[in-house]
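In what comes next, chain A is part of two complexes: it sits with chain B in the first one and with chain C in the second one.
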Partner chain A sequence: MLDVDAKTETAIFAGGAKPAPPRPFRIGRLNLEIRQQLPAWQQALILGSAILIGLLLSGVVLVIAGVSARDLFNEFIVNTLFDGQNLRAVLFQASPLILVGIGAAAALRVRFWNLGIEGQMIWGGICATVLSLYHVGPDATRLPLMLVVAALAGMAWVLIAIFFKMRFGVNEIISTLLMNYIAMYFLLQLVYGPWKDPADGFPHSPAFAPYERLPDLMSGFNSALLLAAILTAVVWWLVHVSRAGFYMNFLYANDRMALAMGAPTRAITLIAVLLSGALSGVAGFAVTAGQEGRLTQSFFEGYGFSGILIAFLGRSDPLAAAIVAILVAMLFITGQSLQVFYQIPFAMVQLIQALIVICVAASEFIVRHRIHWVR
Partner chain B sequence: MTAALELRQIRKSFDGFLALNNADFTAMRGEVHALLGENGAGKSSLMNVAAGLYAADAGDMLVDGAPVRLSGPSDAAAHRIGMVHQHFKLVKPFTVAENVLLANQRRGFASGLREIEGEIRRHSNSLGFAIDPDRRVDSLSIAEQQRVEIIKVLVAGAEILILDEPTAVLTDDEAERLLTTAREIARSGAAVILVTHKLSDVKSFADYVTVMRAGSAVATVNPRAVSAAELTTLIVGTSIAPPPRQAGTPGPLRLNVSKLRCARSDGHVMVSDLSFAVHGGEIYGIAGVGGNGQTELAETFMGIREPLAGAIEIEEGGQFVNAGPGAYRDLGVGSIPADRYSYGLATSLPIADNFAIGQVHTGRYGTWVHVDRKTMRTAAEAAIRDFDVQGVRRLRQKAGLLSGGNAQKLVIAREFSRNPTVIVAHSPSRGLDVRATAAVYARLLGARAAGAAVGLISDDLDEVLTLADRVGVMTRGRIIAEFAAPADRQAVGKAMVDHA
Partner chain C sequence: MLDFFINWIAGVPGTATPYALAALGLIISERAGVLSLAAEGLMLVGALSGIAACLTVSSNPYLALAIAMAATAVFSLLFAFLVVILRVNQVIAGLAMVFFCQGLTNLVGTIADWTNRVVQGLPKLHLWPLTEIPAVGRIFADQDIVVLLIVPIFFGVSYMMNDSLVGLRTRAVGENPDAADAAGVNVTLYRVGAVVVGSALVGLAGAYLSVVSTKIWIPGMAGGRGWIAIALVIFARWRPWRDRRDRLRSTA
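Right, the complex of A and B next:
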């Protein structure tokens, strides 16, 4: 039963000197080694190069699509940063992106992948709109009430996923993602049906009253940015200063050890995940009561993916995520003008985001491993 | 006749701990050769050297009389040495054939897979394994997965087959079938090495047995020519006199465990009807061969595992409280886990944080609104000094960078600075060198002197005999015998292996 090839047997075991076992001819091979540690500056260098490579690849794609290299520079850098109107637009656009970014980051800190940001935004938007449509409460308190209701709605939607995860072990990546579709079709049902605007017959809700919209502040910056900034500070406090944040680090690093140390692991997970849902709900409110001024059928599009991306690039740190969100907002605004002036589809923005993420994710491999060629 | 495998004067140390001390071992073709010894005697280390996983610090290795120097497991495979590890190295969602192919690469994938499937069927038929190459590994039972591991090394052409604790995970029937198969493989001309700590396996299935103790091979005998008592003596030794120890002054009852029943994560009941009691100022040692429910018992005390039945009662303010998961720490229980890197520490977080998590909920390091990093660092610094944790350059340094002994000292610093009334330590000196072990023992004896009730669960009989005031022997999830200190080493050893 042990079939021994007699020839190989003698080749290996004959005499004292040991000839190497026969090997097929090879040109060479790549050897992989796991790194113990890499200095911070090298890590930063690799990260920077990865982002640069992603941008260069995006540039190539855009040039192929018909935008000249000089126009690209103008659109991306000059027009967005050095034009007051555009800068305000970027920051206005950044507000919901910051909210979804810090929301995704909060959940990632307890290893919960919230892919249901869009669904939570939709419910936030729908519930805020309910208050507008049915004139709930006095006009003066309408806007803050819409904010609160949107936060609760987002929280409730993610609560279903976290309940199924904790009770039955259902993977949240699947449940949160699929629940987006439920929310989306319910939204379409509303805007094509009972909530269709009677004024123009388009599939969106009637416009909000002026006092139901996020106002501009003194210098023309929208209050949505202020809201995002305050909430960023709150999340920053939670993860870096509070005791819950201290426990979150342990939950992330070694959940069994956190449990053995008597950390309230369930409560901490719930706090982070519900906060993530609430922030997404608020983002839905910020878009409907900010940019759109009504509930539209596609106000949420692209935010789910962007939120995860922002949290990933910001390494789940709320402050870093907020900065990344502003950069992504630049991309959004530029994408809009590319759409208008160069007939470039908006999907190109998502393509650029994806290219950058792929490059950064791939660079992780180089951070963790050493590769060298062996002949 | 030349030996199939010969190891001469092998030495190997880890971090200052001498795991192999001039160990010799010889296995012949056609025989099942058992390697017997306690946990930590060096059995697995020696076989890992033979399988190319460890490079020996010194010593020679000969295969069929020719000296070899292995560069790794694939080099060992080229010398027809194959090892089946205690923890299977299989990719669960892959099929049997894919797993075997992964370890035995062929030129093409599809053609290689067909080739491999044929070989699996052939080996499977001749050994009576009935393994379907297309089944997914996660759909197989533990015993079937083990058969896949055996087929994997046979397909690689192994003629020196090392089985590391193969019966530890099997039922009695399965174990008997496996060992019968091992004999058949040996009869067909291979050398089969059976690493085990079960006396019964050795008595009924091995042609020869080499006994290891403290990193050296102490004897090679025919197991049928010696009595079980003689083998026990060889395993546990006679020479080492327990160090002089002062008798304790047991106080009132502090910990009472009654009819405890716990299951492993896969539902297998590992602890059943376990009862013991520990007084303040007393160390109660639980001796036993590893894998008899010790891990599950320790995990229950850490609050990670919920018992199926029974009670753990802890004295608090004069009365006994039935402790549930999550309440142990509040009732003053301190835990020292055996696997300090997976239960004791969060390796990617700073040393200061790893120290502070023990008491952060008390409000000692600020309220829930604000964690006071400064107080935390001061306290950690003081504890690191008091408990002599070496190798701390900065408090922000990751805990994973500490060596084994210092990592353990950090765990002890955290647990003991809470002044626990009950301490449950699981193999607290595992993998530590002599100095670190002595420091750990001093701490446990100090806690005993201070009036704490100490439960010491350990695979290392020496550790239990050195420290414990009373010794319970744990086998198959229950305490089957109790001895008062000074316990008779032979009697304890016999109780450990007799029922295993």
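Right, the complex of A and C next:
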């Protein structure tokens, strides 16, 4: 799915196609051919086994770290899926992950690497908290207003990067990433300084009022999930049904061609990237007004990279990304209980995600190439 | 005021060293056409392995720096394998590597109990005649051997990239792999080599942070320096070159 460096491809490929020099003991060589297409079931099989290998490797690491295999199975599968409370926790955790996942996917569809998800989340959280701290507007409309402001804030933060990219050709990978640090230090300045909670003196903002938090719906499922589901549907419509989605595919396949054919490439890029920023801002709002109930100093941690990895594993498809996000949320919840009961650092979750992504990315080699052993 | 100023100047080389080392390493791999976004993670690997060598092998800091370089180089083979041999998208592979290294170093540091343990570190150099200069002498008293080593490393990298056959081939592989391959250069080998050598310097930068600057391992202690080093490489190299090309195009 993701672009292969065309030059590399042919260069190394050509190395295999050259006639081999005569050698006394020839044992043959590997020959690579680029595949046009692989049947869907074979692709699914390869993807499935790659994820399985990644999980097995993670399991090995965890066993080495001191968790017995049986505990691992109980913790990971039985406790997270077959316990109502844990399932609700997983879905609650999944909501911001879905938002950042579909946000990253939207940007990837126009070949924009939005690595600034964390910065956009931070600004979403900060701006939502401003409304709470200064009691902007009537109480009844506070929550929707916070949502809108958070979306705008995330959008504004990514606008800087896309402006620099379009105007001056600044590489967005670096600009979005380094802008995370600006946002983070501004957040730290706020929560250690003027916004420090006077009630307990800890570095986080005062707690939100009950009407400023995302309410629980029936049977304990949080409305954050509903929000994420609605936005997933919207993005799915935009990407697969609307005209903008068609242009995005065009742009992704060949941007120069799209420009030459008169497609509004700049507008489409802008729409996709701003949407990505807005979704990340909403994710920041969902964490502050959902899980945390206040602005904390590290509420955004891990979401940025998880978003990119979710979009990658979901192949930039909003629906697939949402499903992957739920699985990653399972991992988050399991990681939290491993942290509590086995003193395993939460970084384990990062490690497992990275292992799975590395395995899946490596498996695409087999999807894209046919390997022959030539004698 | 003067005191503050002198202290400030004396602190600059120590702060700049990790950036300079990492940026030099990244230039090598980027000239070969590999965007090494893994720098942040590899720096952490270097930092942890430096401290680990101090705590377990011997307290000799020079040995620790060497071990950290070697460990990071070995680690970067995974990244090189993904990017060069399996041709995984460089951004995804780099991000996954950063995540992988962050998770692994945090986990290993915690399990092996290497976190927050102070090591001896590298002694300060006493450049005798220079340290005796009144007031300014402190600037020279506060430096260590790695700061001075930057100069030969810089000239070495510069010479290797610009004036040696290996450097010429490396640049060719980065700029036009098709042509390089047609000329008989082993593209895979040169790219893997560039990643490994560059990562060794990144690892040295990480080990400098832990073994020399702070003398302690803290999870995630690279603190974004790897990303800044990547940005430095872009500021130093990509932009002028592209500017010139764009200007040529507009005048043509």
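Side notes on the structure shown:
Basically, the second predicted complex is superposed on the first by the 341 of 375 C-alpha atoms of A that agree within 3 Å, B and C clash if a C-alpha of one lies under 4 Å from a C-alpha of the other, contacts with A are read in each partner's own complex, and residues count from 1 in each chain.
One rule holds for everything that comes next: contacts are C-beta pairs under 8 Å (C-beta built on N, C-alpha and C of every residue); 3 or more make two chains touch, one makes a residue touch a chain.
Remember, it's a predicted structure, so these values are computed and weren't measured experimentally.
By the touch criterion defined above, A:177 reaches chain C but does not reach chain B.
Once chain A of one complex is fitted onto chain A of the other, the partner contacts of A:254 are limited to chain B, with no touch recorded for chain C.
Between chain B and chain C, C touches the greater number of residues of chain A. With both structures placed on the common chain, the touch criterion links A:245 to chain B but leaves chain C unconnected. Of the two partner chains placed by superposition, only chain B is touched by A:262; chain C is not. When both complexes are overlaid on chain A, the residue A:305 reaches chain C alone and has no touch with chain B. Counting contacts as defined above, chain A residues 2, 4, 12, 15 meet chain B in one complex and chain C in the other.
Of all residues in chain B, those touching chain A in their complex are 63-64, 66-68, 78-80, 107, 122-123, 126-127, 154, 157, 159, 185, 188-190, 302-304, 326, 328-330, 335, 337, 342-349, 353, 356-358, 360-361, 366-371. Residue ranges on chain A touching chain B, taken from their complex, read 1-2, 4, 12-13, 15-16, 18, 21, 24, 241-247, 249-250, 253-254, 256-263.
Those residues of chain C that touch chain A in the complex are listed here as 33, 37, 78, 82, 84, 86-93, 95-100, 102-104, 106-107, 110-111, 176-178, 180-182, 186-188, 219, 224, 227-228, 230-231, 234, 238, 242. Contacts from chain A toward chain C in the complex involve residues 2-5, 7-12, 14-15, 61, 65-66, 113, 115, 169, 171, 173-174, 177-178, 181, 305, 308-309, 312, 343-345, 347-355, 357-358, 361-362, 364-365, 368.
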